[in-house]
Amino acid sequence: MTFTAWIKTITFYEILIGMKATMSHMVHYRPVTEQYPHEKRTLPDNYRGMLALLRYDDGTEKCVGCDLCEAACPSRVIRVVSAEVPGEPTKRYSKEYYMDMTRCLFCGLCVDACPVDALGMTREFEWSVYDKRQLHLNKEQLLAIGDRSFPVREKQLELQHPNVAFFNVAFKHLPQKPG
Amino acid sequence: MSAYGADLLALLPELIIAVTACLVIALDPITPASRRDLLAWLSVGSLVICLGITIGQINSVNTRVSAFSELVVVDAYARFWKILLCSVAGLTILTSLPYLKAERIHLGEYYGFILLALSGMMVMVSGVDLLTIYLGTELMSLSLYVMTGLNRSKPRSLEAAAKYFVLGAFSSGILLYGISLLYGLAGSTKLEMIAGAIGTRGADDPLVLIATILVAVGFGFKIAAVPFHMWTPDVYQGAPTSVTAFMAVAAKAASFAAFMRVFVEGLGGLKADWSLLFLLISVVTLVLGNVVAIVQTNIKRMLAYSSIAHAGYALIGFVAAGRGVGLSGGTPGLASIMIYLAIYSFMTLGAFAVIGMLRKGGIEGEEIEDFTGLAKRQPLAAFLMLIFMTSLAGIPPTAGFIGKFYVFMAAVEADLAWLAAIALVFAVVSAYYYMRVVMVMYMRDPSPSSVAPPRLVTSPTLSFVLACAVAGVILFGLFPNPLVSFALQSVLTLK
Amino acid sequence: MTELSLRLAVTFAQILAEMSIVMITVATMTYFERKVLGWMQDRMGPMEVGPYGLLQPVADGIKLFFKEDIVPAGANKAMFALAPMLTMVVSMIGFAVIPFGPNMTLDIFGITIKPFVVADINIGVLYILAIASIGAYGIILGGWASNSKYSLLGGLRAAAQVISYELNVGLALIGVLMLAGTLSLVQITEAQAGGFWHWFIWGGRPDGFFPIHTQIFAFVVFIISAVAETNRIPFDLPEAESELVAGFFTEYSGMRFAFFVSAEYANMTLVSCVAAALFLGGWNAPYPGTIFEYIGLEQLAWVEHIVWFAAKVYFFLFLFIWIRATLPRLRYDQLMRFGWKVMLPIALANIIITSITLYFFPR
Amino acid sequence: MVPLSYYLILSGIVFLTGFVGVLLRRNIIIILLSVELMLNATNINFVAFSQYFHDVAGQVFVFFALTVAAAEVAVGLAIIIALYRAKSAINIDEFQLLKW
Amino acid sequence: MQQVFFFYFALVIAATSVLVVALRNPIYSALALLIMFFHVAGLYVTLHAEFLAAVQIIVYAGAILVLYLFVVMLLNLRQDDRYHRQWPMAGIVGATLVIEAIILTVMKGWTAPVVVTGTEMTVGATTNAGAIGDVLYSTYLFPFEVASLILLVAMIGAIMLAKKDIGEC
Amino acid sequence: MTSSFPWLSLLLVLPLAGAVAVYLATESAARWIALIATLADLLVALPLWWLFDPQAAQMQFTEHVAWITVPPIYYSLGLDGISLPLVLMTVGIMPLCVLASWNAITTSRRGFMAVLLIMETAMVGVFVALDFVLFYVFWEAMLIPMYLLIGVWGGPNRLYAAIKFFLYTLAGSVLLLVAILVLYFYGGHTFDILALSQGTYPASLQTWLFLAFFAAFAVKVPMFPFHTWLPDAHVEAPTAGSVILASILLKMGTYGFLRFSLPMLPDASRAFTPMMVTLSIIAIIYGAYMALAQVDLKKLIAYSSVSHMGFVTLGLFVLNQQGLEGAVLQMVNHGITTGGLFLCVGIIYERTHSRLIADNVGLAAPMPQYATLLVIFALSSLGLPGTNSFVGEFLVLVGTFLWSKVATALASLGIILAATYLLWMIQRVVFGVPSPHHLPKLSDLNQRELATLIPLVVLVFWIGLYPNPLVSRMHQSVTNTIASMSREKVAPTAHPSAGGTTESLLAGSREPLTAQGSSR
């Protein structure tokens, strides 16, 4: 142990350095705290918030009840009950659609998996509730979230094949659709 | 600056011992394990110096010198015990050296504790104030508690320590209560003040008697007199053998020394009462110690009961001292205790040294059966054991006889021939169990089925100790004159 | 008899006043600590309840008061209930001998009292040590009675720690006691009057500035040991969150929890008071006399004294928080080694050196 | 004023209790606590006598008794802990390696 | 007034000392002892031994009893304790000591009241602590040093016994 | 007397030096060194026979050196007519013992020889000590060597026999110590035997002291109720041990009676005479009767010892000149005769490894020399005129006759019985038909064995035919003893502890012993 090290030990030099550091923070007080309820931070562009079901511009549900989202979900949030559209045997739709948001971890895999872009992630995040059963959302609620978060809807094309799952899966990396 | 110069000079031996003890403890961590012997030699060196100083004091200061506001004195009586205790401690250390190594508990602190216990004992023997005596007793006892539990790998050792501790603390509590009552009687803890107070209050004061009994009980535990003996066998058996030797010899001697001083100098006015009390105690001690020793199969346990019995013999001298007529009438009795204990020290130390040598496999062989055929394998060791056993049995021309002779002479002088007769009858009983050891050593052939016959661990230091012990036993048996006259002169300084 | 009852009444009033001062300090401290910690960590601290969160202690108190009182299954109910009270009481009664202000007397209703100290007993320092030493009981008992391994471990650690460091506290004070020659806190403080160089931390002789009897080492030992004895970071092993959840009060909630916490703050305050009184001159200003005296307001000098005392105490309290903000927690063996192998020898050496200097340069 | 004998009776009772406790209890810790009772009884005696004689020596004796008590406890508890490690027994009649 | 205090203290001391022995849970025994220590300290204060009162609490309550509790908890002793089979002996001893107490009560000579001349027993010092300190470092210097050796023994001994691993030779 | 040469000390030191030398020597050299040491001792002792002045009434060859100052104990030695023959017999028997053990002892011969030599010192010391404590020291010092002798080198049941011997003897002798101490305080603070013999003691005290002495000496003799250790010890001991036991150790008891009980406690001795005589006669008849029933040679001789020692005690306690002289003579005779018998048994045991009479029959043909010697010793033992025992027993019976005719008649019965069992033994051992099984082992005596036995045979006939030198040497001492028994009764001394005893204890050391009125 050299002399300086010894001096440093007996004068608690290191500790004093540390205390000086903390003191300097107090003296130059620049809080990084955000007073959250009062002021909210700006969300980043790619923020992944609450999930929602989307509609076409004519108000029809995009979802075709293919169950791919349910299969993709790592947390088993989604439950889909699909059914044929009455009178149109080739068309299917989701008769019931549930999301248990207490389990969702907002990974976005379901959105990726959806062949018809029927799922979207909104920017909503303040979803605290008193009863966690309220976070078990059904189709109507999800659609309502979609309605209020995505006011601009995608247009349903006439020639669009009613079941485009095949194409969309095959050409996943197509350029982004407008809107 | 030199306000205490004279006092310190008077207590130089204690000082040296205590300082060396601290030095040993301080040096222990920085001493490599291979050189721990040096600590032992340091301790022995200090003991030799101390012995020299104490012996030197005999000629220079032959009166009673008080030191430290008359809390301690240096008189011939104290010096007698100091010389004895220092020698015993030195021999114990030398015995311990090979023993501790063989038991794998060779710790430097051990020597420090021996020295600390010794300084406690020296305070005990020179204290003339109950406070000093009590503190000395505690210093000794605490060191011994720790030393008893030193061999922590053996639960037996710890168990012995626990028992010793519990009963030791209990007894010191009783002793302290007695002291507090004496303080209340006399207004001081000085022995002479207490003697004065008893003189004025009279001996029939119930409180005086209660205090005396409590103090006697407290000391009774320390000297292992029946019915306060119950710790002895367990502790002697469980403790490491070298510690047992130290305990059996030095602790007992020091306790007796303080005991005598307290009862003669402080409570001398109650002679008639306490001599009756000790009469009963000594008879019971003799009977129980000797009779129970017969059935023991463990030699340390056997020696423990024998040590109880020997306390009984020494107490006879005390009874005689109490019965003595006139002012100095108790002198032969007291001197006989001193002679007895000095001699007892040598023989017991020797016996324990031999026991400590004995190894059976890696462990200590301490059953009496382990001595089977020792005479064939180790004639010299067996011969030494024979001499020690003979001496313990009190058969001439060994020193044990001289010890018993003086005790019984004191008893007969005090008109207690019947007590001497009883004691002697039980000496025969004791001879039976001592001779059984001899029998096992000499007359029984080792059974061929025994796995590994015990072997002996010897070393030059141990040989030296045995030589000293056997020389003491033989020389004091043949030429007891120096010891006797020293004891007789020393005891006169006891007021 | 009337005088006795009067005296009792006055004493009770004093106790009440003192306790309220302490409780207010404790309440303030809970807020103060969070705030200061926040500032040091570039946060804001409590801000919601009241302006700048000033009513936070009140809110906390109300919350804890109304919280459900849970006794764990298998707990020893009596001991479980006793432990926080014991801790609390012990931490409070120590203040009885602390002189908050100058040693003046006041005659009211025909009896003489000392307004700034409840009991000026002649063994004040010993009293403080005695009280501090039994503070461990509450912790040990609480830990044991909870029937939880975390609590028990916390309690055991607390016991070991308190015993180890209390020794150092006591030994650190001995130098001061030698200098002052008395055990009474009032007299010790009085002995330091007349400027900061007379404070025992410097230990200058009355006739000179040279700090021959300096107790600064003792002071450092005392402060560090005091931090350890009050179980504060970096010595908060008994309640180490990352290892023992919350140590001895893991199982506590509600008012009992509050008792433990406030006892901790009260203890901090107590050791701060002791440090101020023993090392930093207590109520004495760092200059001779008082400003009020110079400007002719002798009767108001006590205000200045009290302000100085409060300033010193709060400095120490701030120091506690500051250290907490800076240092991480020690490991258990480090704690013990530090106490026995570093603090103890320093304290002992200080005693020896002080006695030597006192022998050659008597005060 | 309180007569001295009152103090003596008190200390006698405490001493007696401790004494009986040592003989009666099996738990070694409680036995040691009983020994502490005995020592405290002694201390009461000493202080009372000290006051009676106006002699501070009795209090000094108490001081030493306290010291010794502390030392005894340190050693005793160390023994108990070591023993417990070795044997997990704390009642004295469970010590059976050596006959009691 | 002093008698009131005495009887209060004496009652609590006697009661708690009986509890120490009678209670089955070691923790309760220790706590009863704690209460007793405090009352003994109080008794000391009434006897003008303030220094000892403080030391009593520091040493007994603060150190000794904490150690006991520490060990009780370390060994995790619960109430598995039974009484020893020594009732007869205890009874005899108890009876003896009760007789002692009776003797003490009826004894003459000490029933005279304690004469309190002043507040302190001044032996050249102003306070109780000072008085004790004075004699401790002058008259009782030698026992003081012996006591220091006792503490040394206790310290080293406790370490040696309780240390987990021991350096073998 | 004749010179200041320390004959007796030399007598004591020589064997001790021999013991040390033996211990340091090799196994093979041990027996030679032992033999040399014992012979040297014998050579030292022999001149005393001629140097001894038969007319002198007092102790001769005295040595007087202070040993312990407080209390005054002296290394005080001396010989008179009683102890002279016993000392001579002791030193004479010892070389024979060494020779007898020449080949018999195979294990740790060094130890055996050393023990023998230590025994010799102790035994001689007992006979020459003139200080009571010194006497006691020698007395007790014999115990351990004898214990080892029996226990280590003895027969199959040696452990039992050894411890029995040890405890019996020790138990007897411890009371002796108390008696010695009591005597010290009543007899003027001295341990000097002669001075104590001059003292007078209160009658009640004498009774107690006599009983204490009796316990010690009667066990050693052994007298009738205390004899049970003897057969065991004799049977189990090696030959040398048996010889020492029978020849010397038993004499110590009677020597003790003669030296201490009678002169010091005359009143008690007189009072106890009927008891002692009764016990003696019981011993004579009982011992003889028991001997009749034995099938073991050693046991037979052991019981014959009981019987013969009964004659000695009988002679002692009839308290007249003839009785005492006969007793002393008989002590010597019994030593020689019984020693010879035991040696004979040892010789045959070496050959057949059996002590049973049934195994050793018809030795006359294969071992004529042996048979001759055995017959001589047996005849001596039964008191055939012309052999030594006749003289002694005759004197004893004469003495008894003066005291009581009935007792004489009963004692004579013992002689008749002795003739019965010994002749019966001879008939079987000497004149039978040897079993073919043992016949090849039965070689006659070799030279060493002859050397062992011949000296005893010579003594048998010498004393038997010409006892006068012996009797004349002991006459004066016996007269002294008788005289001291009939000395004037002095008023009982006051209790010794009346004055400051410490002062007297301390002062006693400075006074010369002669001032206390010994006859020196």
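Chains: A, B, C, D, E and F, in written order; residue numbering restarts at 1 for each.
Following the convention adopted for this analysis, contacts are C-beta pairs under 8 Å (C-beta built on N, C-alpha and C of every residue); 3 or more make two chains touch, one makes a residue touch a chain.
Because the structure is predicted, anything quoted here is derived from the model rather than measured.
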Minimum number of chain-to-chain contact steps, chain A to chain D: 3
Intersection of the contact lists for chain C and chain F: none
Remotest chain, chain C as reference, centres from CA atoms: F
Closest chain to global C-alpha mean, per-chain Cα centroids: B
Inter-chain pair with the most contacting C-beta pairs: D-E
Chain A-chain E separation of Cα centroids, rounded to whole Å: 71
Distance from the mean Cα position of chain F to that of chain E, given in whole angstrom: 69
For chain C paired with chain E, centre-to-centre distance based on mean C-alpha positions, whole Å: 28
Where chain A and chain C are represented by their mean Cα positions, the distance between them in whole Å: 52
Sites on chain D at which at least two other chains make contact: 8, 15, 18-19, 32, 48, 52, 55, 57, 60, 64, 68, 71-72, 75, 79-80, 82, 92
Complete list of chain pairs which touch one another: A-C, B-D, B-E, B-F, C-E, D-E
Residues of chain A defined as touching chain C within the complex: 15, 18-19, 21-23, 25-26, 29-33, 35
Partner chain B, residues of chain D touching it in the complex: 8, 11, 15, 18-19, 22, 28, 31-32, 35, 38-39, 41-42, 45-46, 48-49, 52-53, 55, 57-58, 60-61, 64-65, 68, 71-72, 75-76, 79-80, 82-83, 86-87, 92, 95, 97-100
Parts of chain D lying in touch with chain E, wherever the complex brings them together: 1-6, 8-10, 12-21, 23-27, 29-30, 32-34, 36-37, 40, 43-44, 47-48, 50-52, 54-57, 59-60, 62-64, 66-75, 77-82, 84, 90-93
Chain E - residues contacting chain B, complex: 100, 103-104, 107, 138-143, 145-147, 149-150, 152-154, 156-157, 160-161, 166-169
Complex contact set, residues of chain E against chain C: 27, 31, 34, 50-51, 53-55, 57-58, 61-63, 66-67, 69-70, 73-74, 127-129
